[in-house]
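Notes to accompany the following structure.
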Amino acid sequence: MPRYSRKTDQRPSPWESLVAYTTLRALVAVVGLAFLVGCDRATATGSGKVAHLSMATAGPNTLDPVQGSTQYDNRASIMVYQTLLHYEYLKRPVTLSPLLLTQLPTISEDGKVYRFELKRNVFFHDDPCFPDGKGRELVAADVFYSLKRMADESNLPKGWWLLKDSIEGFDAYYEQQNDADEFDYDMPVAGMKVMDDHHFEVHLTEPFYRFSYVLAMFQTAVVPREAVEFYGKKFARHPVGTGPFRFKRWDTGIQIVYEKNPNYWEEYYPEDPGLEEDGSEPYPGYLKDKKLGFYEDAGKRLPLLDRVELEFFVQSQPKWLKFRNRELDYTTVPAENFEEAYVKRTAQVRQAFSDEGIRSHPEPLLDLIYYGFNMEDRDFGGYDDTHKWIRQAISLAIDWDERNEAFYNDLCLIYDGPIPAGLDGHPDAHALPHAYRGADLPRARQLLAKAGYPGGKGLPKLVFFTSRGGRNAEMAEMSKRHLARIGVRVDIRLVDFATLSDALRNRRAPFFALAWGSDYPDAENNLQLFYGPYKSPSSNSFNYDQPEYNAMYERIRVMSPSPERTRLYEQMRDMVVEDAPMIGSMGRTRYYLIHKHLKNFKPTEAFFNWPKYLNVN
Amino acid sequence: MPSVAPLLEVKDLTVGFRTDRGDVTAIEDVSFQVRPGEILGIVGESGCGKSVTSRSIMRLLPEQNSFIDHRSEILFNGVNLAHTDESVMRSIRGNRIAMIFQEPMTALNPVFTIGWQLDEALKYHTPMNKLQRREHAIEMLRSVDIPHPRQRYCEYPHQLSGGMRQRVVIALALCCGPELLLADEPTTALDVTIQAQILSLMDELRKKSDTAVVLITHDLGVIAQICDRVVVMYAGQIVETADVESLFARPQHPYTKALLESIPLPGPAHHQTRLPTIDGLVPSLFELPSGCRFQDRCPYQDEQCVREPPSLSQESNLRKVRCFFPINES
Amino acid sequence: MWAYIIRRVVYNIPVFLAIVLLVMVLLRQQDPVPGLLGKNATQKEYDSKRKELGLDRPLMVQYVSLLNQIVRFDFKQEMWTQPGMTVGEQLRKAIPPSLSLTLPALVLTSLVSISIGLFSAFARGRWLDKALVFFAVLGMSVSFLVYIIFGQYLGSYQLGQLAGRPIFAIHGYEPGLEHWAYYLLLPVLISVVVSMGYDTRFYRAVMVEETGRDYITTARSKGASTAKIMFVHMLRNAMIPIITRIMITLPFLVTGSILLETFFGIPGMGNVLLTAILNSDFPVVEVFASIFSGMFIVSIIATDILYAVFDPRVRLQ
Amino acid sequence: MISSLRRLFESRAARKLRRDNGALVALLVICVYLLVTIAVMCNAISLNDCSQVIGPKSAAGFFLKELPERRFEIARTSMLKPVARALQNSDPTAALADVKLGRWAVADKRLTQLQKIVSDAIAIQHELEKSENLDQAPELEPKLVEFERKTAELIEPLSRWDRLAQNAAMLLGTDAQGRSIFFRALYSIKVAIQIGVVTAVVSVLIGAILGAAAGFFGGWVDHCVVWLYTTFSSIPSLVLLVVIAYAFSASDAKETLLPVYVAFCATFWIGTCRVVRGETMKLKQLEYVQAARTAGFGSARILFRHVLPNTAHLMLINFSLLLIGAIKSEVILSYLGLGVQSQPSWGIMIRDAGNNGDVMSGFFWQIGAATFFMFFLVLAFNILSDALQDAFDPKHL
Amino acid sequence: MPLVEVSNLVKHFLVRGGVFNRVLRQVHAVNGVSFAIEKGKILGVVGESGCGKSTLGKLIVRLLDMTAGKVQFRGQDISHLSASELMSVRRKMQMIFQDPHASLNPRMTVGAAVREVVAFHKIVPKREIRDEVDALFAKVGIHTDSQEKYPHEFSGGQKQRVGIARSLAVNPEFIIADEPVSALDVSIQAQVLNLLMDLKDEFDLTMLFISHDLKVIDHFCDSVLVMYLGFVLEELPCRDIQADALHPYTKALLGANPVADPTQRHELTVLAGEVPSPYDLPRGCPFAARCELVTNQCRQEMPPLVEKESGHRVACWEV
C-alpha cells in the first residue's frame, strides 16, 4: 500500500464553517442591529402636539357609552362623545354647564318639565357610516335615540338604573320593547318630545333633581344612529361622536390613539373671569389657577392638542417608570411611590422633583371606601340590638388610621357615614359623637360582651369577601388582625371581582370590602346605596331595608338643594352609622404629578372630558 | 526474528486513573516492542489493562481522569508519544498509527456516510484532491473485500451489517497506510464466520503492506491463529511474553498455563470432562496484594510470592516471565 | 411517510378532543356572568345574558358547538369582555407581538446555550465547565419574577436615567422592525437570561452524552482536531435532541412568555390569554387552547419528520 | 422499600455523592431548611408572628440607621400617636393596654405621667414639624434625638429575652404593615417545603405508577397513559396552572393549599411518567425481569418489586427537580394572586414588594429576603439534583 | 417419552405501520423447528447472532408466544396454557441468562432474590426457607455470608452462579441456558461449565444449552442443533463434531473457528456473502447463497431434515 506525503494544514469542512462562523456572525449581527435600532428610536416621534396619558387598566371594555360602566370606559369614550351637560373645567366646586346645549335646560315650576335647546352646527365626525362619509349635524332626535339605547337590553346597557322610574312612559316603553321581538326606536315615549331639530322637552314623573347630573354622565352621550346601525356589534370599537377628538386606533392591551377632530364645532377655552369686584376669587383656587397659567390659553379654540395617546398599564411599576422617563405627561402617584416623590409628613413634593419642574396636585375624590355587612345574614345581619352591637363592636375594632398609614401614606380622610367630603351631609367634625369609629377596643369589647359574646367567644367566624388585586390581600390581613384583637375570627375570601359580585348578588357575602365612587356630586348618589327597594342584585349590597330610611330617601330624591334636604341627609347618615350596615369610611385624595410641559391640566375625577383643554410645549 | 529496529517500543508504561475511590494504577511497567510487519498479541482477561495499553499508545484516554507516569516512554520511530504534543499526536493518529475498535456498530458516526468518514481521514493526512480521495477511498473499501464499494461509499453505517462495518472500520484505519495498527478486540463482537473473514483480511494486509499490528484479544484461539509474538497480561502487569509457538507449547507462568488449559478441547477424549480451572478471582486494582498479583490463585504459591513482587525475568529478549518459580516442562 | 403523518394525526384527535373538554370543564367551575354584568344587574338580565352566551345549555351541547366552530375554523365569535371584537381578530392582533418577542428569544437562547453547552461539555471536568455549570445553576435558582422586576428597573429605568434618554421601553409595544429593539430587546434579553440556564444544562448533557460515544474515539484516532470533533461529529449527532427541544418549544412561542408580556405591556398571546382567563372570557381561552394544542400536535409530528431528515437511521413508518 | 432505600444509600451512587463536596454542602443547606420547617411546624414561628405588627412600617433591616424624616415618623406614629389616642379614650387604662407594638408595651406609669410625657413630646413634635424636610435640616438633630428619647419614655423597657426576640424579628426589617420580614421569610420556608414536598411526592408517585404500568403492560394501558400525558402536556403548563387555580377560586377549598397542590400535580406528573415509562420499557427487556417471569411471578409483583424499585433513582432525581419546580411556580402563581392564600409565602412577599413599589423606592428588604431565602433552597436542590444525576450516571467517573 | 418435545415451532415478529397500523412485514425468527430432548440429556443449540436460537429458548419457556407449533413438556402440550396453568410448569422449567449483570435485580440482595422464588412457590415451609437457600448457595459455590450482598458486589462468574442458584431453587427438571458463559472470561467460563456439569448430575437435569461457541457446545452437550436463519440445518451428537459434521454450514462454522494451538494453524474458512434478511426468506435452502455446494435444487426448495443415522439429522440436498 502506498504511503502519501503528510499534510499539516487542515481546512475546515463546509459544515464546520457553517456552524462556527454563521453562529457567531448571526449573533453579533442580531445584537448589534438591535442596539443600533434601539438607540435611534428615542428621537423618532411624530410631529404636532401630542399628549401621553395613562390609565391603570388593560383597557376599557367598550367605547359604546351605553355599555360602559367603569371609569375607564368613561374616560376612553368621552374623548369621542359628548353629553348635553358637562362641568365647568376650572371652576370648583364643580358646576354644571351646557355643552351640546345653548344654555342650561329650563325647568318648569313643578320641576317636572325640562326644555332644551341644542347648539347649532354641531357635526358628527366624518365617518363611512354617513352618506359620502361626511358627518351630519346633530339634531334633537339623536338625543332621544341615545337615551332609548340605554333601555335596549340587547345593547347590554349598564346605565338603565339612571333613567329608571324618572321619565314619563319610559319604563313602560322599556318593558314593552324588551319583550317585543324587535326593539323599536321609532316608537314614541310620552315624556320625550321633539319640538324641532334643535328644541326638545323631557317630562319627568317626579321632579328628580339628579336628572341634570344624569345628563352629564357619559352613558347619556349622544351617538348617531347611522353609526350604530352601520357597525352593529363593532360599534363598541368604532366610536363616532361629536367630540373634539376622533378615534384613530385601539391597540388592544396597549393604548388608544385619538386625533384632533378637524370639524369640531366652535368651542373655546374658558375666559378668565377676573377677580370679583370686592377683590375676592370668583371661585376658590382661582388665583392659583391663574398662577399656574391655566388662563394663558383663554379663548383659544378647542381642542389644543393634535393627538392623544391613552396608554394602559396593569402594573404600576412600568407606569411610574414611564412617567419618570417623561414618556407620560402626568401620573397619579401610586401609594407605593409616594415617599419617593414626596416628603411623607408634609405631603410636599421633594426638591429633586420640583427642580425638574414637576408639579404636584392633590385632588380629593368623591370616594367612599367601606366594609359592608349583609343585613340578611343570620349571624351578623338583623336590626335587633344584639346584632347591632356586634356590628358596632366590629366597627370599633377596625383601625382605619392604621390602614391609612400603612397603605395610603396617611393621606386619606377618615370620616363617619357614607357621605364623602365636599358634599352636603358630610360630617364636619372629626368624628360624630355617636360614631363607631375604630379603633376603640375597650368600647368594642364592652359592646361585644353586651351582645353576649365576651371576648368573641361563641361568635361564628366572620366570612370576609374581598377582591383580589392591588393590595387588597394585605389590607384584608390587616383587618383580620384588627378583629382578632377583640376575639372576632375572620375567614378571608380573596376572590376575583366576578366572584365578589356574584356573592353580593346572591347575598352570600356576610362581610365584604367595597368602594363607591360618586356618579355625580350629590350625596343622594351615596344614600341610594341603602334604599330598601335597591336591595341586591341592585346597588344596595347591604340589603339594608329600614322603612323610615326608605321614606326619607323617597323624599330627598325629588328635592333640590336646601337646608332642609341637608338635614334629611344628616338624619339618614346617622341612621346608617347607628345601624352599622356599613363600617367606614375613608376617602382618598389622589396625588397627581405633572410634568412641566403639560399645560392647563387641573386634575379631577369628577368628569373626564378635560383632555380637550390640555396643551403641551 | 530478524533483528530489525523496533517500530514501537513501549518502556515501563505506567498509566493511572483518578476515580471517586482515589487514584488507581491500571497498568504498571508495561514494556514491549513491535517490529514492522509483526503481529504482537496482547492477551488477558477483562480488566487486565490491555485496552488501556493500546489507548495510551494512541493517547486516547480521557485527559481529565487519567495520567501517564512521567517515566513511561512510548517510542514510535524514536518519538516519545507518551508526553508529546497533542498536535503531533494528531498528525500521527490515523496516519502513521491507526486503530480498530471492538464495537463496529458504534465506532462509526451514524449520521455521516461511509464515504464522508473515509474522506475525512484522507483529507487530514494526504494532499489528494477530492476526486483522488474518493477514488482512493473506494479502492480501500474494495481492498477490504466490500462488495459494490462505489455504492457503499454513499451509504450510512446503519445500512451495513456488522461484519461489513468492521471492514469499513479497518478500511478507515488503513486508508492512510499506517505503519502500526492497533486492533483492540477487533473480532470479539463478531460471529465466528465473520471473525474468520476479518482475521484473514488482517493477515493478508499485513503481508501486503508490512504493517505492524498490535492485536489485543482475550481469545487464545485468535492469538494462536495469527500472532507472531504474545504478551500475556494479568492485573495490569505483563506476566509473560514469548513468541507464539513457545508460549503455547511451553507456558512458563502458572497463569498462562492455567489459561491455556481452561479452553475446552475438541474431540471425544475431552467430551464432558471437567475443565481445569483457575480458582478465585482477579484481584481488584484497588486492593492489589503486596507480592505477586497472582498469588491467591496460583497452585505454586510460596512464601516468597506473598512477600515480594516478582519482576519480569529476562531469560532472553524474546521470552520473559514474571514468576519466582517459572514452570519448566517441555 | 404520508401514511405516517396521517396516522399520527388520526391518533392525536382524541388528545385534541380531551384538551378542549378539559379546558371547558375547568373554566366552567366559575360563573362568569356576574362579573360580566357588573354591579347592578337584575336576575332577568342575568338569565338573558346566560342564555345569550349559551351557558344555559348542557355541557355536552356546548362542547359539540365549540368543536363545530373549531373544525370550521370559525373564530367569528364575539369576545365576552370586549364587545365588538371577535376572538379571531384578537388572536390575529396578538400573534405578531408574541412572535416578535419569543422567536428572537428562542433563537438567541438556543444559539447561546448550544454554544455554551458545547464548550462546557468539551471542557468537561475542567474549571471552565464547572464555572459555566455553576452559573447556569445559579441563574436558574432565581425566580423569573425577580428577573423581570429588576430587569425592568435596571434595564429600562436606571439605564435610561444613566444614558439620559430611554434605551429600552419600560412598557408598551409598537409594531414594526424599527421599534423592535426599543420595545422588545429588553424582554428578549431577560428571557434569554432566564432560560439560558435550563437550556445550557440540557444541551451540555446532550453533548456530554455524545462525547462518550465510540465514534468520537474513532474520530480522534483518525487524527481529527478537537474543533472538528466538536463542531462536526458531535454537533451533527446532537442535532437530534436539539431539534426535538426546539421544535417542542415552537408552539410555546405563541403563548409567549405570559409574565414578560404582562409586565412589559406587550399585547401578545400570553397577555391576552392571562387576561381572558382572569376575566372569564371563555371563547378566547377555549379557542386559544384548541389552536395551541393543534399546533403542538403538528410540531410533534414535524419533529419526527425532521428527525428522519437529520438522522439517516430513522425511517418513518 | 426500606431495603431499596438502604441499597440506594450503600450504592456506588451514594458513595459518589458523599465524595461530592458541592452536594454535601447542598444537603447541609437543605437540612437547615428542613430544620426550620420542622421548627415552624412545631409552632416556633406561628402564623400569628408573621401577621403581627412588630415594629414601624417599612423599617430597614440589620438595624441600619434611618433618615431623620423616617426617624421622626417612626417615633411619632409607632408609639406617641397610639398612646395619645388611647389617653383620649373613655377608658384610657383599657385602651392603653391595647397599645402594643411587637413586644413593646406602654410603660407602667400613672396616666397623668403618661399624659405629661405625651404633651411634652407633642410640643417637641410641633417644633420639629416646622421644618419642611428634616432630612435637610441637620440643625434639628438634637431636637429629634430628644423627641425620640421622650417617646421612648412611653415604652416599658424590654426584658433581655424580649429584646432578643424583638431584634430577631426586626433583623430583616419590616414590610409596609410593620410585620417582620424575617419571620415571614422563615415561615415561607415551611410553606415552600410543604408545597414542594407534597406536590413532588404525589406527582412522582402518580407519574411513576402510571409510567411503569404503561411501560410494563404496553398495549392499551400504554396508549391510555400516553394519551393522558400528551393531553396534559399539550397545554402550556403555566396556562394549565392558571386555569386550574382559576377553577378552584370558585370553590371553598381555596383557603387551603389544595388548589395549588392539584394544579401542580396535574402538570408535574408528566415528566416523571415519561422517564419512568421509558426506563420501564428498557427494564422490561432486561434479563432479570424475564427471570422473574420464568420464576412464575405475577405482573403486579414484577412491576412493584422488580421494575419500580429500579426506577428509584429516576424518581429521586425527578423529586428534587419537581420540588424546585413547585417552589418556583408557587411564586409565580401567588404573584398572580392564584396561589397561596392567607399565609405568607415568598410569592406573596414578592407580590407585596412589587405592589408596594419597594423596588422603585429602593427598599429591597422584602423582595431581597424572599429572593435570597428561595435562592439558597433552590440552588441547593439544583446542585443536589445535578449531583444525583451525575451519581446515578454509570458513565460518570 | 422425551422430556421436552418441540414440533414445528414457528415465531414471526410483526412490524406494524401505515395509517391503520397494518402489519407491514414479518421477521421470521424461528421457522418450523422440531426436536426432542430425552431426560437427562443436554441439547446444544449453536448458530450465529440472529439465527433465532435465543428466541427458541424463550418460546419454550413461554416468555414469548409462539406463532405456530407445539411444545410438549412431559407429554403435556404447554403451548396454550393460561398464565395460572403455566405456574406449575414454570416450576419445572427454568432459564439461565447470558448477561450475569442484567439477570439479577440490582436492588435486591442475591439472597433475597433466591428466597423470593423459594417463598413464592412455597417449595419448603416458611421456617425452612433460609436453610434451603443456604444449601442452594453452598451448592453453587457461593459463600453463605455473601447472601446479603447486592449483585454489583459480585464478579460476573459469581453472579452467574447466583443466577443458577435462583433457577435451581424451584427444583426444575429442565433448564434452558441461554449463552450462560459467553459473557465470561475463559477461566471463569470453565468454572461455570464445571458447575453446570456437577449440578446436572446432582439434580438430574435436562438442558437446552444455547451458545454461539461450538467449542463449548462440543465439550458440554450430548448433541447439538445447528441453526441458521431460524431453520435447523443439522442436528448431530457431540462425540466428535469435527469428524461427524455433514452440513456445509456446520463445516464452515468449524472451519472458521481458530484453534488455540499455533502448530495447528490452518487457513480459516471464509464464507462469502451475507446472511439473507429475515424479512423475506429465500425460497430454497437459507444457506444456498453462501454454500459452495449449491445447486439449483438448493435455490428452489428447502431440503428436509433427514435422519442420516440415529440422532444425526441433516437438512441438505447435497449430503
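The chains carry the letters A, B, C, D and E, assigned in the order they are written, with residues numbered from 1 in each.
Following the convention adopted for this analysis, a contact is a pair of C-beta atoms (placed from the backbone, for glycine too) under 8 Å apart; a residue touches a chain by one contact, two chains touch by 3 or more.
These figures come from a predicted structure and were not determined experimentally.
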Innermost chain by mean C-alpha position: C
Comparison of A-D and B-E (more C-beta pairs in contact): B-E
Centroid spacing, where centroids are CA-atom means, of chain A and chain C in whole angstrom: 36
Centroid spacing, where centroids are CA-atom means, of chain C and chain E in whole angstrom: 53
Computed distance of Cα centres, chain D from chain B, in Å: 60
Where chain D touches two or more other chains at once, by residue number: 249-250, 354, 359-360
Contacts with 2+ other chains: residues of chain A: 10, 13, 315, 317, 321, 496, 499
Interface hub residues of chain C, defined as touching at least two other chains: 30-31, 149, 153, 225, 236, 278
Residues on chain A engaged by chain D in the complex (per definition of touch): 315-317, 320-321, 334, 336-337, 339-340, 343-346, 348, 350-351, 401, 405-407, 410, 439-443, 445, 468-471, 473-474, 477-478, 480-481, 485, 491-496, 499
In the complex, chain C residues that touch chain B: 124-126, 213-215, 217-225, 233, 236-237, 239, 310-313
Residue ranges of chain D in contact with chain A within the complex: 51-53, 57, 69, 72-73, 77, 81, 85, 89-91, 94-95, 98, 129, 132-136, 176-178, 249-250, 254-255, 337, 341-342, 348, 352, 354-361
In the complex, chain C residues that touch chain D: 12, 14-16, 18-19, 22-23, 26-27, 29-31, 133, 137-138, 140-146, 149-150, 153, 201, 205, 212, 252, 255, 258-259, 273-274, 277-278, 285, 289, 292-293, 296-297
Chain B partner contacts - residues on chain D that touch it in the complex: 15-16, 19, 397
